[in-house]
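For clarity, chains are labelled A, B, C, D and E in written order, and residue numbers in each chain start from 1.
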């Protein structure tokens, strides 16, 4: 039984066919890479699985049961956490508040769910350090942070609630060399913990390195699926671009 | 994708204040307030008499209470135009029940608050359905103008002079009791701060006992100073106590709880908040419910001060004053920025201006000129102190 | 400089506040206030008069009263922003022992030293009586005369009282079938543009089938006349009062039939005398204050003033009627004879 | 970083309209308008009489003109509360000069427009200095309330009945001339579209003659239809012509020029606009200057219809109605979204409601209820047709 | 004479020292890579040169003359165009409008600066194609575009006005494989045209490939500067991280 199973997912935006009959599964302890050219529909697929967009048609099953992911909340309750491509941080909140947004460590209802800021700060410090994210202060609004710092926070956030499936939409795009390394390690650790991971990346080297399975989208359709070791770099590129002559410098 | 970015160097003054304030947006407003007071005092020494300060606090009570509700709505990025008229409707309900129908006062008050919340609940549901809040509350305002005609008895007025209802505003807490309350307040605050200090220590976070002593001393100064000044006349006026308690509760919920963080998140970036799993619609509804309750309280305090309710209750400049108070105090019209202190501080600024202008006995025209320009200048000074160089990054 | 005793004792200049309700109607800031000050100065130059204006807000007026008391006022002359929510003001003044003189639109349900008023019910009755006489005289054509009525803001004390006065006369005519009311509108905020709109809609609804318009005050009749002029209609318009400059001008041009003059100079004079008596701690002058009116809390000593109805008459110079307003000092011919009135015969002869 | 994203599937209706409209946000508002008209017509057949349609257009002229100015200010992400009172001030200036001082009418009009623009210029400068526009225009409103007392002659009123000033609103363009104007308008539009078509052809872009014929036919239908209906009474009323010309100019500048793109850019993302080298401050100033001119024209048209100016000119619900018109028409309070058509369409919706409600001869209370709820329902229908599912992504 | 010369640039944000005494030059026909860990101050430096932020102290010279870059407009007039890390697109405008924003092709003042949309569309099509940016429609607001499409538009925008200096803050972060290649080629072409280029990137392979000179920032200070061929991959990493033992998998 797969952790996550998509069947026949389609999505239109007005006249634009963003996704067409996509099938995809994610198993326990498996890293699935989702690749494709710009505008292929990767982020749209991610948004559907995270409850941000609803598909026009198709079915989503979580642990074998049909799930209606009508909102990000519903997806989170089904154990799916996502790092969005645009990060989706609240600019006016600080790093700690963003990290725990929607899953604050708080006291009982009697105290009106009083925030236990000290607990959160301590946990935040730990998790940020584990990804080498360096912040000068935990109290500045994230709008004042650098691109990489923001991405680091977005990634840490997805891990805080111990999710079953983690979806990462271009998680390393803005990261520095060492942070990038940490994230790749992290993905390995997530796999070892038996979670399902979906990674979107444009870096074919990373993809080959971490992915157990590669799903290729082109213009909204799934054009290929490869298992680890069963493809060459040029297979990926030709699947993505639809051209067989291009191999690139991979 | 708009990000506040400075396009010019900050003024040195703003640095000082930034350091002094450490995120306390209220300090520049306090400076502005001090300037306003100094200017009017130099024109008329009666301005800072105990009597006039007491007047001032009573005068702004209604605006401050309503502004408090408005702040909640602005924080989630919505706007409201109906709550002033709603306050009139709720006052009419309460006064009608307490005076004309002879219901016990607490029951009448409870019914009025419940009605206020029911009405804003309906508004909020329409808003979360997708109709812009400006339209819903404008339409709501018109409907409520009709409703107050229906709620009022056929003579379109309820007089509450000499009834228990009048006590809401006219009760004065004796000086002794007031000091006890101030002491209790200070103690509770100090204990809370001490508890937080212990909590932080337990996780090994950097902290120091100064974080307990300084705020507690400040709170003590404000509470005892306030009680001293405001009990000069006849004891502590009840509306002041009501405002204080409401601010206390609002402070706790907006800054110390999960609810508060969600409030700011929804106002800061609604989409991001929703993606984080926050029930955005519900948060908007909560804000409007709080507004409804505040409007009801404001209306009752107002009616009890004016000893009557009529079709003009809640009309006039109350609505704009409440919104302006929130904005003057530093709350953004665009959501996500501001604090509950802006309600009381903004109401104080606006009230101080209008009180001072009236005291000077200027001609009508000059009163208008003075009121309008002092308001703009006051906020401009605030901008110079903190926000000026941020244009056009910040908008509100 | 604090005054913990809460009473307005001590010396210093004798301060009297004239508290206007709003800038509309304009008479309080334009005419009554200055006339009041002039009258006071004539009687006792040592008394200082200050003006405030509540912008139509009772809360503001209460604050102004408190500020006035704090500033050491010896008496307050109050035109209530809303009489129904002014009891708080009276209570504050009573606690501070500052006498309050009600003026024209007096506060109710509290302690007043005295009040001067043109009784609104009486004004309404005057308007209606003249209107009824026109109906009876056949001036408005065959009965039932189709009448469009426009009242003031719904719920206002003034509206309620004037309407009671009008209805005393009009109701029987309706019963008898002499009058048929085809439109009835409360004019929000007494605003002329709302009156214009109500008029337009009434004309549409009745397909111009209106025999006469019967308004409530000059602002409303001005709004009615604007709509009629736009449609080139000559339907007669009744029910002016106050008066406003436009009301008198429209009488000269023959667009408005009548007006009830409330001589502010008489009212301000009376209020000045009463205020001085109050400042001195005496009883209200008995020659002036002859009546009492129950204001819900007490029998208020009242100076009831006589309002005068003027109206156009067939074949006569409208200037004859308007002359009374000039005589009472409400407006001068120079003020009246601008804009629409400028070219009228009356102005050519009287405005020199 | 807020991005509009749908959280639920769109309604089929919205798809149809999207296809039909292809970006024409105005179509759902037109549908709403048609529903409102149908409902009131079913209640009173006088509602759609030529006479009442003419009434309606005249009743909304002031609101539409002011709303047009407000749209410009909303588009750059600011708000305005002072322009209604400003319209009164400008009308007082113009009427004073034309009637009391005997200046030629065009001079008086020019001075009034210049004054309006001068005042909004000052407001805009304070706003670009960093004071929130809500505060500046609220303070400005209070100052202008004083100013109108100063500008008016001592008797606080100027009557314009029978003067040349009254002609502004009462002039009626004869039917013949009106048809000629309509024909000229259609022709000019068709030529412009044809020119654009040629331009596109020259770069080899995909295009078709349909892009000329269909819009031109639509414009012809609107112009000739409008002239036919509105000349039934006494010829085409001048205010209608004024509104039409103002809309035409505003349409050209907002959609066909560089200025228009910058306007939307500044409102959409001020920081990004500035980074692209757009003079953000200057764009905000321009918008306020346009508002000042619109306010002056609105004030004069209103005064000329009311046959007088007084201290109440520009008071009342005009300001809120103008803002509401813009929002009802689809312009966002948060900047960057909307079009100048929202001014006229929104004013039509609001005007149609109040016109209809008054025609039915309901009691005052019921009038209030009907006005408020029809307004909300109208926008809710619009939301169902287009925007509903976008909550909470979109806010305004 | 350098195209662009920075001396002693410093910048603080409240208590945070974002930049400290930075010197940097960009010559004609030179590609300068600016590298550093997340939060090192790269974007802040870029914002200063683009007139978005003003430095606390220091001097900027353009073609030898002291320049006061008080606004993005001033920078553009000095011939400096920037692709910002956050792209800085106007979400409510479409691709063409964004591409030409502030530099629209328009008619004379007589026509009120009428937009010549057909010219702009044609030019847009050409320039987007040259970078392999594929859009389904030029008329959709850019908020509806994919991350890579947006980045492509932002890059194209910087080139439209024929600038002397082009600054690219992580220009390839969201790009697909082929678009990324095009951008690298583009940078080469810009160099050949004699322009100055500043590139920020976390991809050391790209940096080595394209940069004539590499400037390394760490915690707001410039810690090293290398010329092409004068460094090894591990030199870069150790300069960035301040640690000499780490070499990474470059």
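In this text, a contact is a pair of C-beta atoms (placed from the backbone, for glycine too) under 8 Å apart; a residue touches a chain by one contact, two chains touch by 3 or more.
Everything numeric here is computed off the predicted structure, so don't read it as measured data.
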Chain whose average C-alpha position is farthest from chain E's own: C
Best-connected chain pair, where connection means C-beta pairs in contact: B-D
Longest centre-to-centre distance from chain A, chain (CA-based): C
Distance from chain E to chain B - Cα centre to Cα centre, in angstrom: 46
Cα-centroid distance, chain A relative to chain E, in whole angstrom: 27
Whole-Å gap between the CA centroids of chain A and chain C: 73
Junction residues of chain C - those touching two or more other chains: 23, 29, 154
Residues of chain E engaged with two or more neighbouring chains: 52, 71, 86, 88-89, 91
Multi-partner residues of chain D (at least 2 other chains): 1, 3-5, 7, 145, 149, 269, 271-272, 274, 364
Chain B partner contacts - residues on chain D that touch it in the complex: 1-5, 7, 77-79, 81, 126, 128-132, 134-136, 138-147, 149-150, 269-272, 274, 280-281, 284, 320, 323-324, 327-328, 333-335, 364-369, 371-373, 375-376, 379-380, 383, 387-393, 395-396
Contact footprint of chain D on chain E as seen in their complex: 50, 52, 71-73, 76, 82, 84, 88-93, 97, 101-104, 106, 111-116, 118-119, 121-122, 139, 143, 157
Contacting residues of chain B [partner chain C, same complex]: 44-46, 49-52, 55, 58-59, 62, 148-149, 152, 155-157, 159-161, 169-170, 232-234, 302-303, 305-313, 315-318, 354-355, 358-359, 361, 363-364, 367
Of all residues in chain C, those that touch chain D in their complex: 23-24, 26, 29-30, 154, 183-186, 188-189, 191-194, 196-198, 200-201, 204-205, 207, 219, 222-223, 225-226, 229-230, 232, 244-246, 249-250, 253, 255, 331, 335, 338-341, 343
In the complex with chain A, residue positions of chain E that touch it: 13, 16, 36-40, 42-43, 85-86, 133-137, 140, 144-149, 152, 170, 173-181, 202, 204, 237, 240-241, 246, 248
